[in-house]
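Attaching a single structure in structure tokens format; questions to follow.
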Amino acid sequence: MHDHILLVDCPDRKGLVHGITGLLLDQDVNITKNDEFVDPISNHFFMRTEFKGNVEEAVVVDQLQKYLGKQAKLRFNPNRKKKVVVLATKEHHCLGDLMIRNQFNDFNADILAVISNHKILQSLVGSFGVPFHFISHEQLDRSDHEETVIKALDIYQPEYIVLAKYMRILTPDFVSKFQNRIINIHHSFLPAFAGASPYRQAFKRGVKIIGATAHFVTNDLDEGPIIFQDVIRVDHRFSVNDLSDAGRDVEKTVLSRALRLVFDDRVFIHRNKTVIF
Amino acid sequence: MHDHILLVDCPDRKGLVHGITGLLLDQDVNITKNDEFVDPISNHFFMRTEFKGNVEEAVVVDQLQKYLGKQAKLRFNPNRKKKVVVLATKEHHCLGDLMIRNQFNDFNADILAVISNHKILQSLVGSFGVPFHFISHEQLDRSDHEETVIKALDIYQPEYIVLAKYMRILTPDFVSKFQNRIINIHHSFLPAFAGASPYRQAFKRGVKIIGATAHFVTNDLDEGPIIFQDVIRVDHRFSVNDLSDAGRDVEKTVLSRALRLVFDDRVFIHRNKTVIF
Amino acid sequence: MHDHILLVDCPDRKGLVHGITGLLLDQDVNITKNDEFVDPISNHFFMRTEFKGNVEEAVVVDQLQKYLGKQAKLRFNPNRKKKVVVLATKEHHCLGDLMIRNQFNDFNADILAVISNHKILQSLVGSFGVPFHFISHEQLDRSDHEETVIKALDIYQPEYIVLAKYMRILTPDFVSKFQNRIINIHHSFLPAFAGASPYRQAFKRGVKIIGATAHFVTNDLDEGPIIFQDVIRVDHRFSVNDLSDAGRDVEKTVLSRALRLVFDDRVFIHRNKTVIF
Amino acid sequence: MHDHILLVDCPDRKGLVHGITGLLLDQDVNITKNDEFVDPISNHFFMRTEFKGNVEEAVVVDQLQKYLGKQAKLRFNPNRKKKVVVLATKEHHCLGDLMIRNQFNDFNADILAVISNHKILQSLVGSFGVPFHFISHEQLDRSDHEETVIKALDIYQPEYIVLAKYMRILTPDFVSKFQNRIINIHHSFLPAFAGASPYRQAFKRGVKIIGATAHFVTNDLDEGPIIFQDVIRVDHRFSVNDLSDAGRDVEKTVLSRALRLVFDDRVFIHRNKTVIF
């Protein structure tokens, strides 16, 4: 008896839950958790099912695809670990947290490598035995730099790319090559303070709460589907530096919470939003 | 096409989702939301389904009961407003909030009356045109007082009794008469500071967070199934009075959040816990 | 022995705390709480002192003004209740909460009247015995409508005007007439979703948290000094209506927390921010 | 011009702020931040002052002690880094976070060594170049084990001992040797679920929120002065393991927030509570 997770999303029609659970029952599996949601605006159906049983993934997928039609997207996950590469720049807090979690298997993922445009985090990454690729952006135009990054990524064939405070804007080519597979942590409670220097903006505006947002990356800067957000209280005594210090803890927590959701196959992307079970 | 909500809970067995959705499909209804949970320890199945369709409630319940067996508990709700009586003592904050919400139909419920062992809240309740029963506990023993309260309750035949800071302990007889139908707001983050004077206890202990807990009432004081909890930060500058003042806002919010969940038929009671969809 | 609160703000210079506390000690008072803050950018000094003693307010203010110079702003409050008028439109949740609090003296304020451009809240306000002025905006241009509102306000000479979901934009003339004295509740976590229909904006963006912001009103719409903010979690299941429903509770809480801070003389306005002790 | 922090606590009497700021002004320093609090029950005075100036610490302390009397406790901190030793057992999440923060100077502290009664965290600590002492408790009685731990501590002479999920109960001798200098992270929202297996207790009780508490260690288990607490929401779907997983993130965050407060000299201990500026 193995544990399985099945994710289905397709246009809604009557009887989908009944039909899908019927197909699964024919395989003699035991459903242990089930979540569905129908988006009332797009009339789109989402379902995540955890079940136990000795089934052939290929057989189930084949039957479901026939039943649901070509439009249906199916993800089938016998609890596989996701392959991940992290991109970082100079800041250690998110990356350090990911390294510790990776080392102790806190995530349903393996971090295969870290790529950075600076050398400063090399020894941190090295101390965890994770390959570190220093790919400077200096004297390179954006697409040349990205080409070198892509070559490094090609070594690892990651399913997900995590931007752990990677302070460079990605080109549309890069983003579309890894569509729905790049996760970024933005150091503000989006859509407030999108763009550069959010803590400076927050300081100027005198907000009483700051936050962080983990989201999938699209070509609209800071506009991609939001996965998780959190906030903390601040007050008039916080300088820009104090806001950054306090914010780093939230960034770290928010990124790891979002990654846990993604790596546990709980997240659907639908248009510019997420459906999360 | 009417909106319906169906709640089912029964011992789990293979194929329940498939079977129940099949019975509903036979009635030609359209399922718009569906949540299930199987408690892995008791192996108990919970399902809440929202659907649209012109169905006979009695027919559906009958078929489901036959299919699921006698142990299954079914609740069928064509969005009926719940009938509610509120018990209060002297404090106005929770009751005032409920009066406003009742007046403007914020809840899926009708408050039919307020019963209190003090007169202080009479004019507040009266100004909203809600019947107010003053039933003093003075010179009465506990069971005699409760008998009079029960007579007043009998007039209204409420489905739920809300204790909005009702500062009297109910007898086992009273509690068992309204089993799973009495909701209380306790002014602490249970199980911390159960019993009397929680803010005084919190002050003595020097906690940095205080909270409130809405729960169903059982015969174990402050030990019933928890519906909702929330907290706020406090610090060394808070006196016992300051804690009470700040706590009142949380009590009010927590009670109304819990009631919304109950009145919208989102809450199952299972042993000493709740399952909430 | 009376309780006093003194608020001082002025350009910083060496020895201010020593000087001010010295002047107070000469009056033989007993300082029970003291908070200071020096804004490091503007080099501006803020101090809030609670003390007990039989002092002549006029004497203390006179001595302090001489010592601190003309630029210093002094507020002296022997725990006076603030005089307040509330402006509302159609929504009852914030206004209802204020009415209850006013009725039971939860605030250090007296609500002298409610002014609305709709009649819908008249009976609510009436049931609390608070004067209600219906001043329709129909067939009036903005400044003519405001002129009538100002005439009604002139009757009450309020120190603060609370916009409890008043859905009209105030003219610069109105705002400058009541500078630093108008408090608004905005139904979003500003600066996210400033302007109209914030819940619709939040729904479109797919945020995982929504909030509310209480702020002083300036002529830059939704850009005034923020007093208090709070948030709650939401998810993909929330429709625009669900977001509004959930948001109303936060709006209500945030407005009352902000008003408590203002009415307890804890808030300084400094440029476009607040300093709150 | 150096930055200084001065902490004073002593029995309250009239004019203390004036007197202390006067003594500081005589040294020609510039006060940049000042916080005071008088505990109204014990009538005890607390003051934390940040100032700039070229002063002799010894001179200031001497004058203040004379002025305030022998009962006054003075801490004077020219922004020195605190010397810290961490005790751990098997869990990596708190320790890993501390290692990363130590490596990158996120704290106003130096972690001089880690002592553990298990070997499992040795390589983690070693990879950061921090000395690791494995001191097994097997075949030793409690006081013999502690004696060996104390010998290791004596090498480093730490000002603070941090229990980063150290799963052994300390003897009264050990605690009194390091009075007010041992900080523990408890994996519950104290006083709820004190003692062993808090997540198992939380699961049984069906709470909707879990938390963590950082506190100073006294001889009353889990009863010492609380420094910081935080919580997260959970629901019926969380198993005991899920609660532990989710709780670990809160434990980590709460411990680091508490340590930042302590290492930045913001915390007074007064009887069984903390006063934190």
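For reference, chains read A, B, C and D in written order, and residue numbers begin at 1 within each chain.
Basically, a residue touches a chain if its C-beta (ideal position, glycine included) is under 8 Å from a C-beta of that chain, and two chains touch if they have at least 3 such contacts.
Nothing here was measured: the structure is a model prediction, and the numbers come from that model.
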**Request:** Look at all chain centres (mean of CA atoms) and spot the one farthest from the centre of chain D.
**Result:** B
**Message:** Tell me which has more C-beta contacts between its two chains, C-D or A-C.
**Reply:** A-C
**Averaged-CA centre spacing for the pair chain D and chain C, given as whole angstrom** = 38
**Item:** Centre distance in Å when chain A and chain C are each reduced to the mean of their C-alpha atoms
**Value:** 41
**Fill in**
Each of the following residues of chain B touches two or more other chains, namely 33, 37, 40, 237
**Fill in**
Touching chain B in the complex, chain D uses residues 37, 39-40, 189-193, 205-209, 211, 225-231, 235-237, 239, 272-276
**Asked** In their complex, what parts of chain D are in touch with chain C?
**Response** 14-15, 17-18, 21-22, 25, 30-38, 40, 233
**Request:** Using the touch rule from the top, collect the residues of chain A that touch chain D in their complex.
**Result:** 33, 92-93, 96-97, 99-100, 103-104, 106, 124, 127-128, 237, 245, 249, 253, 256-257
